[in-house]
Amino acid sequence: MKKSRRRKNGDLFRRGKKAGLPPGTPVFVGEQKQQHVITDILHYSGEHLEEIHAATLKDCARLKNRPGITWINVSGIHDAQAVQNMANLFALHPLTAEDISNTAQRPKAEEFDDYLFFALKMLSYDEKANAVLHENVSVILTENCVLSFQEDREGDVLDPLRHRIRSGKGRIRREGTDYLAYAILDAVVDEYFVCLEKLGDYIEEIDEQILTGPDAGHMREIHRLKQEILFLRRAVWPLREEIAALEKSETRLIRGATRIFLRDLRDHSVQIADMVEIIRDIIGNMQDTFLSSTGNRMNEVMKMLTIIGTIFIPLTFIAGIYGMNFENMPELKWKYGYFVLLGLMAAVGVIMLALFKKRNWL
Amino acid sequence: MKKSRRRKNGDLFRRGKKAGLPPGTPVFVGEQKQQHVITDILHYSGEHLEEIHAATLKDCARLKNRPGITWINVSGIHDAQAVQNMANLFALHPLTAEDISNTAQRPKAEEFDDYLFFALKMLSYDEKANAVLHENVSVILTENCVLSFQEDREGDVLDPLRHRIRSGKGRIRREGTDYLAYAILDAVVDEYFVCLEKLGDYIEEIDEQILTGPDAGHMREIHRLKQEILFLRRAVWPLREEIAALEKSETRLIRGATRIFLRDLRDHSVQIADMVEIIRDIIGNMQDTFLSSTGNRMNEVMKMLTIIGTIFIPLTFIAGIYGMNFENMPELKWKYGYFVLLGLMAAVGVIMLALFKKRNWL
Amino acid sequence: MKKSRRRKNGDLFRRGKKAGLPPGTPVFVGEQKQQHVITDILHYSGEHLEEIHAATLKDCARLKNRPGITWINVSGIHDAQAVQNMANLFALHPLTAEDISNTAQRPKAEEFDDYLFFALKMLSYDEKANAVLHENVSVILTENCVLSFQEDREGDVLDPLRHRIRSGKGRIRREGTDYLAYAILDAVVDEYFVCLEKLGDYIEEIDEQILTGPDAGHMREIHRLKQEILFLRRAVWPLREEIAALEKSETRLIRGATRIFLRDLRDHSVQIADMVEIIRDIIGNMQDTFLSSTGNRMNEVMKMLTIIGTIFIPLTFIAGIYGMNFENMPELKWKYGYFVLLGLMAAVGVIMLALFKKRNWL
Amino acid sequence: MKKSRRRKNGDLFRRGKKAGLPPGTPVFVGEQKQQHVITDILHYSGEHLEEIHAATLKDCARLKNRPGITWINVSGIHDAQAVQNMANLFALHPLTAEDISNTAQRPKAEEFDDYLFFALKMLSYDEKANAVLHENVSVILTENCVLSFQEDREGDVLDPLRHRIRSGKGRIRREGTDYLAYAILDAVVDEYFVCLEKLGDYIEEIDEQILTGPDAGHMREIHRLKQEILFLRRAVWPLREEIAALEKSETRLIRGATRIFLRDLRDHSVQIADMVEIIRDIIGNMQDTFLSSTGNRMNEVMKMLTIIGTIFIPLTFIAGIYGMNFENMPELKWKYGYFVLLGLMAAVGVIMLALFKKRNWL
Amino acid sequence: MKKSRRRKNGDLFRRGKKAGLPPGTPVFVGEQKQQHVITDILHYSGEHLEEIHAATLKDCARLKNRPGITWINVSGIHDAQAVQNMANLFALHPLTAEDISNTAQRPKAEEFDDYLFFALKMLSYDEKANAVLHENVSVILTENCVLSFQEDREGDVLDPLRHRIRSGKGRIRREGTDYLAYAILDAVVDEYFVCLEKLGDYIEEIDEQILTGPDAGHMREIHRLKQEILFLRRAVWPLREEIAALEKSETRLIRGATRIFLRDLRDHSVQIADMVEIIRDIIGNMQDTFLSSTGNRMNEVMKMLTIIGTIFIPLTFIAGIYGMNFENMPELKWKYGYFVLLGLMAAVGVIMLALFKKRNWL
């Protein structure tokens, strides 16, 4: 389970310390999530499987060109040197090395001469804070290797995929590197649905609460959720176009059969973008309802004052009249004056109430 | 008649339990709507008609390649195995099998080598809850078969179509599988108009009520309707583009004559998207009017308090003056002091009222 | 003059009764506007002119292929059989026949092999209700005939065109069927400007009233106008694209010289769409101003209460003090106590007023 | 200086009287701005310059085909016959003649076989009314003539251009008709910057006033400015696309060197459209601030009432208690009862104030 | 450090004084930021480096065509003659000269026959005013020179770049003029991230303050920030498209290897545009929260008045009753009348409070 951490707006902008450096310098700008950089290698073909945990750069160099498919997963991108070494080994463009380390990177897919580069966000839902946590994932697809870089591999969404490779279930062992890269992206994107489902449920709960009894805490929560959605959109929206561009690109690194899977992935990303928009609109509705609701309650309260005031102010005035000390006030001497007046006052009160009732104020 | 069920926002996101499975695994993520999966076959040509209710997989295999047109309707998609069997029989791509079972599927049209796949929503209006019910429908068009998958066939909108095939009315018996697929889509989309008409009438009714006497219940209803529209848009908007893409595609599965009908279908889906937008705007206007209305009523109430207060507070003060117990208050001893004061008070009250009238406050 | 009739939202959705019928079945879904279907024929060439009022189907068949230009105008589309007969005579596609009868049809232009089909709205302004009335018009352009279908020909906008044909004024007698079709569309669209001008004037009037004295009736009127604009947009927006598509199409039915006129028509429809948007924004501004205005008036009213309350409540308290019946209250025995107190009260009141003045509350 | 005139919404829609006329009939629909139509001719080449003020149609015919460049400026378009004569002389399309007279014309650029037609708005800022005045300008570019039509030439923005031609400054005398047409458009568009600058300054002034002391007049001014912007947008937005279309068109009337200037003009029109949007957003912000501001002031006022009321209402109640006339009220007989009570009241008041202070209400 | 200066809306529109001048006349329309125009030259190749501070026009002419790369930086564009001289030396198009001097220039990239022209904004964050300062930068890329024009070179963002050239670090000394031009743009754009990060942090701070205790000053700050964003968007939005156009252009001045860097630059500009939108939405949310917050506080205040009023007004009335001077008021003579009444009053008060509690008003 990822550690819950309260996001700050400023996080979005933590690129600043890079300014002034030459383009293509990898600099880690995020928050370090695990202590050491750990590299895992999974080398496999239809019949064969080899797994190296905590691999060295030498292991990578050795397996890089061996027949079969090599998946190198680097977990921990805060060590710029480690990223640079790996980039050198695979002859990555300096800008790619820079993008891998940049946790504020916008999702993108880029073609280079010898490889494809994907950057996207791995989302996970923090059940305690009811917040969505963002993590940067980069995937590089070459002729016979797939490199993946992530911030923290503990409890990640790629475990079921690793398990499928080990067990040989599904089509993954029969397909190429392009399918492996797709499978990684698919696993990451599938988790988005889980996050959105949980977020959706939470929002529904808040919505229910606001309809029954809105309070100032809900205002703060709506404010937070709106911010949350702003960040979610940023993680999700570009994906759609990037995958579509990839699907249409003529790179030889992606074979025809895998393009159908990419189409499906694009379809999912469109669906997710839709969902985020719907959640956004739901939060908007929630806010409108919150405002109407508190407005309604206030109106009720004020109406009470108005009714009480409107009935008693005139009556108090009448009582005030007969509290005056004029010497010549004939009514005061009438035997039943007091009782007549009480009756009169009661009548005025009843008439007022009737009027309010008639005008639908009660 | 479909059973009325209150929709939850979360339903939109019930895809989550799929995460971690390999792509192309059919998993039912919705709510089961009928007990058993029932497969019906309608095999026909210009002169010939054969109908099998509760058909087996063997029936399907037998009729699949026989000359004429075979319509296989599978009702109930909660049984992943049944869907998988059918997919195997027709050599469907694993992703298609997955999409058929996914009740949260976004409307789409996809070309594969040997078949076309359509997913869309069947809408029906729940007169009791004044809500629109959504059901997933998938249609697969092959050389000489049409497969359709739905969640619950009871009281569905395809019955008139089945009747038309049986009776040989219209052009359906003379046309190919592409026309049959079109006719299914058309029947589903035509029902949208019915739903929107009923929803429109209901909204008009609420609108009328709000103009005459808004209450807190209307606020809740507006809230619900706005949510309803969010879901409706999602079911309706993608349709337009998907049908347009199909109309322009070069698949040999759709003949020229049917393309004119597809153009008409696109036109209908554009019209429906327009209507949904108009309904959305009407609900927006309704909310504005609700807010103005309740604001107006509050203003009226407060004005009442203000007028009463403004008249009686000064008068009460005057009465208070003459209720003081100073020993030397000459007015108290005047013979007609009391009556003069009463007159004065009446005059103040009348002048105040006149002022209010003049300033248009009454 | 068209009869004024209050539009209902639901009218937009009166397509529902069609659901279940085979595609291509003409069904009238609107409100019948004249009793009988009347067909008029105008047959002309440069030198020649023949006019038949209340023509029969035979007349149509006879004139259909005769050299020259034949304009057949069918007024009254509620009789599905009459529409069907005409469609059969001219070998129209079943979907065209369906669209002609459908009063909820969205404006569109469609190319068929032998003819072009246009559907648009004829607008007229109801001066009594200050509402825009919508009527469906369909125009079919074939090699040497123009067919037009309308709901009610009384007082329509085509009369000046008929007159121009009869008198031989302008270029119309020298041009082909494409120019005639253009001239019909142009006459319909020109009337939009008249409607928008009148609507614009009416809105200006309401705007003026709101600035001087807003009341609850204006809220209702704004609500109605916003709905009105929703329907207007729907009638007007699609036109632009449809005419642009036509202008670019390669149909041989439209000659080069006429395309310049179509460009002008597109320009007009763009202008109209612009105007409708401007009117919409004006109504939006009007609503904002209405809300500010009523808010302002309320504020004024409440300020009054506050000022009166703030001055007299403390004074009344002071009077209350000296109305107490304590035995030992030395001030009560002072000879000029009463007058001193009155002076004090006046001073408090004056100071309060001065404070209000200073804080700009008066 | 143009005469200041208050614009009305309806002006936008003054096309109505054209309805029913054949297309291509020039009808003046605006407000006449000068008494007589005046035609000026400037005929020039690199070395030669001839100028005719108040030229006749014969002068135009004479200079039309003479070598060199002829600029014919017609000022006053209310005389349909004059426009028609000129149109005939230059063999303009009837629709062009119609567009020249139409003051409600949307900016556009149209290619014809022998000429290019531009319509745009000449804006000027009315310093007294702080309003932008709109005037229609049409420019026609032929092989060796440029025709320009405007509503009123007094104090117009073309004078500096005329001066440049006369003095032979700049490149204008060395370039062709296309550069002259560009120079006219450029002069008109440059004036937009002046208008927007002045409008921007005025809006800033209002903004400042609203921040310091908002009153009901500002609401009216915001309302007016929003309307102003609606009209401005309409004058400015289409320009961008029209110039872009021109820049890309393959007409032989515009040479390569002039296209670079057109690109610059497009850049200016994009910039102007941007500015109008920014002004629009600034006015929107202004309105939000106005509402918050007046809301704030109201809140302050109401808080005052609440504080006064909350302190004195309970105190008045206590005074009321001891104003009762019960025979047996022991406190009344206490020697220092009155003073104790006064102290108590003071204490209550002070405590209340302290509470308010603590809760940040003061 | 740049001097902090409060921006005015009008600044955006300071182009006005240009109107009437022939196109292509350089006129400085901004605010002069440094006293003298200073030209610096950096001439370098792989091995060689020459630097001239405060260079003359002759130096420029001398180095212009010498082998190697020449970077001429002109700081101070308020001297139109200096700009014109440089433009003449490099045979720049008059419109380019005009654009260089125009501080209100929108970001753009333009291809000419012999050079590319870029205009963009250099942003810097003023920590005191929490405002973003804008400065105009123009870059001209020719075969073997790069010209850059800026308003004020003190403390600018190009210093690290100059340092990299001097020290020979990074790839800059090995690349051509296209890479140098890219490096300048990249340095300018990287600074945007710094500005946005600081602005984002400041906005977060304000947001926090509003959640805890909103006051009228926050309203003003929100107003200012919204204006700030309007200007920021204008500086940032066009960049994206301009760089994309450049990336796709076929100019021989940009080599393939540099295009990959341009792609990265476009990616950054997209990211910045995204961030600006997010900041804008955050400010929008902030305003909503500000309004809810102040609304909430007002409600609290009014509730107080209502509760106090509702409890004491009836009690005061009762006290008023027994303050009347009727001769025959039996209760007054009861021995414990006073105490009974006090008890009664206490009971009424307690019941009222209980009711309020029950209705959740306390």
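So that you can tell them apart, the chains are marked A, B, C, D and E in the order they are listed, and the count of residues begins at 1 in each.
The working rule: contacts are C-beta pairs under 8 Å (C-beta built on N, C-alpha and C of every residue); 3 or more make two chains touch, one makes a residue touch a chain.
Owing to the predicted nature of the structure, the values given are computational and were not obtained by experimental measurement.
Asks: Among all the other chains, which ones are in touch with both chain B and chain C?
Replies: Expected: no chain.
Asks: In degrees and to the nearest 5, what turn takes the CA positions of chain D onto those of chain E?
Replies: The superposition gives an angle of 70 degrees.
Asks: Call it same or different for chain A and chain E: same when shared residue numbers make up over half of all numbers used at their interface.
Replies: Counting shared over all numbers used gives less than one half: different.
Asks: In whole angstrom, what separates the CA-based centres of chain C and chain D?
Replies: 26
Asks: Suppose each chain is reduced to the average of its Cα coordinates; what separation in Å results between chain C and chain E?
Replies: 42
Asks: List, in ascending order, every residue of chain E touching at least 2 other chains.
Replies: In chain E, residues 302, 305, 309, 313, 316, 320, 323-325, 329 touch at least two other chains, as defined above.
Asks: Draw the chains as dots and join the ones that touch; what shape do you get: line, ring, star, complete or other?
Replies: The chain contacts form a single closed ring, each chain touching exactly two others.
Asks: So in the complex, which bits of chain D are touching chain C?
Replies: That would be residues 8-10, 12-16, 18-24, 93, 95, 104, 106, 108, 110, 112, 213, 216, 219-220, 223, 226-227, 230-231, 234, 238, 287, 290-291, 294, 298, 301-302, 304-305, 308-309, 312-313, 315-316, 319-320, 322-325, 329, 331-338, 341-342 of chain D.
Asks: Using the touch definition up top, name the residues of chain A that touch chain B in the complex.
Replies: Its residues touching chain B are 157, 160, 164, 169-172, 182-183, 186-187, 190-191, 193-194, 196-198, 200-201, 203-204, 207, 211, 260-261, 263-264, 267, 270-271, 274-275, 278, 281-282, 285, 288-289, 292-293, 295-296, 299, 302-303, 305-306, 309-310, 313-314, 316-317, 320-321, 323-329, 360-361.
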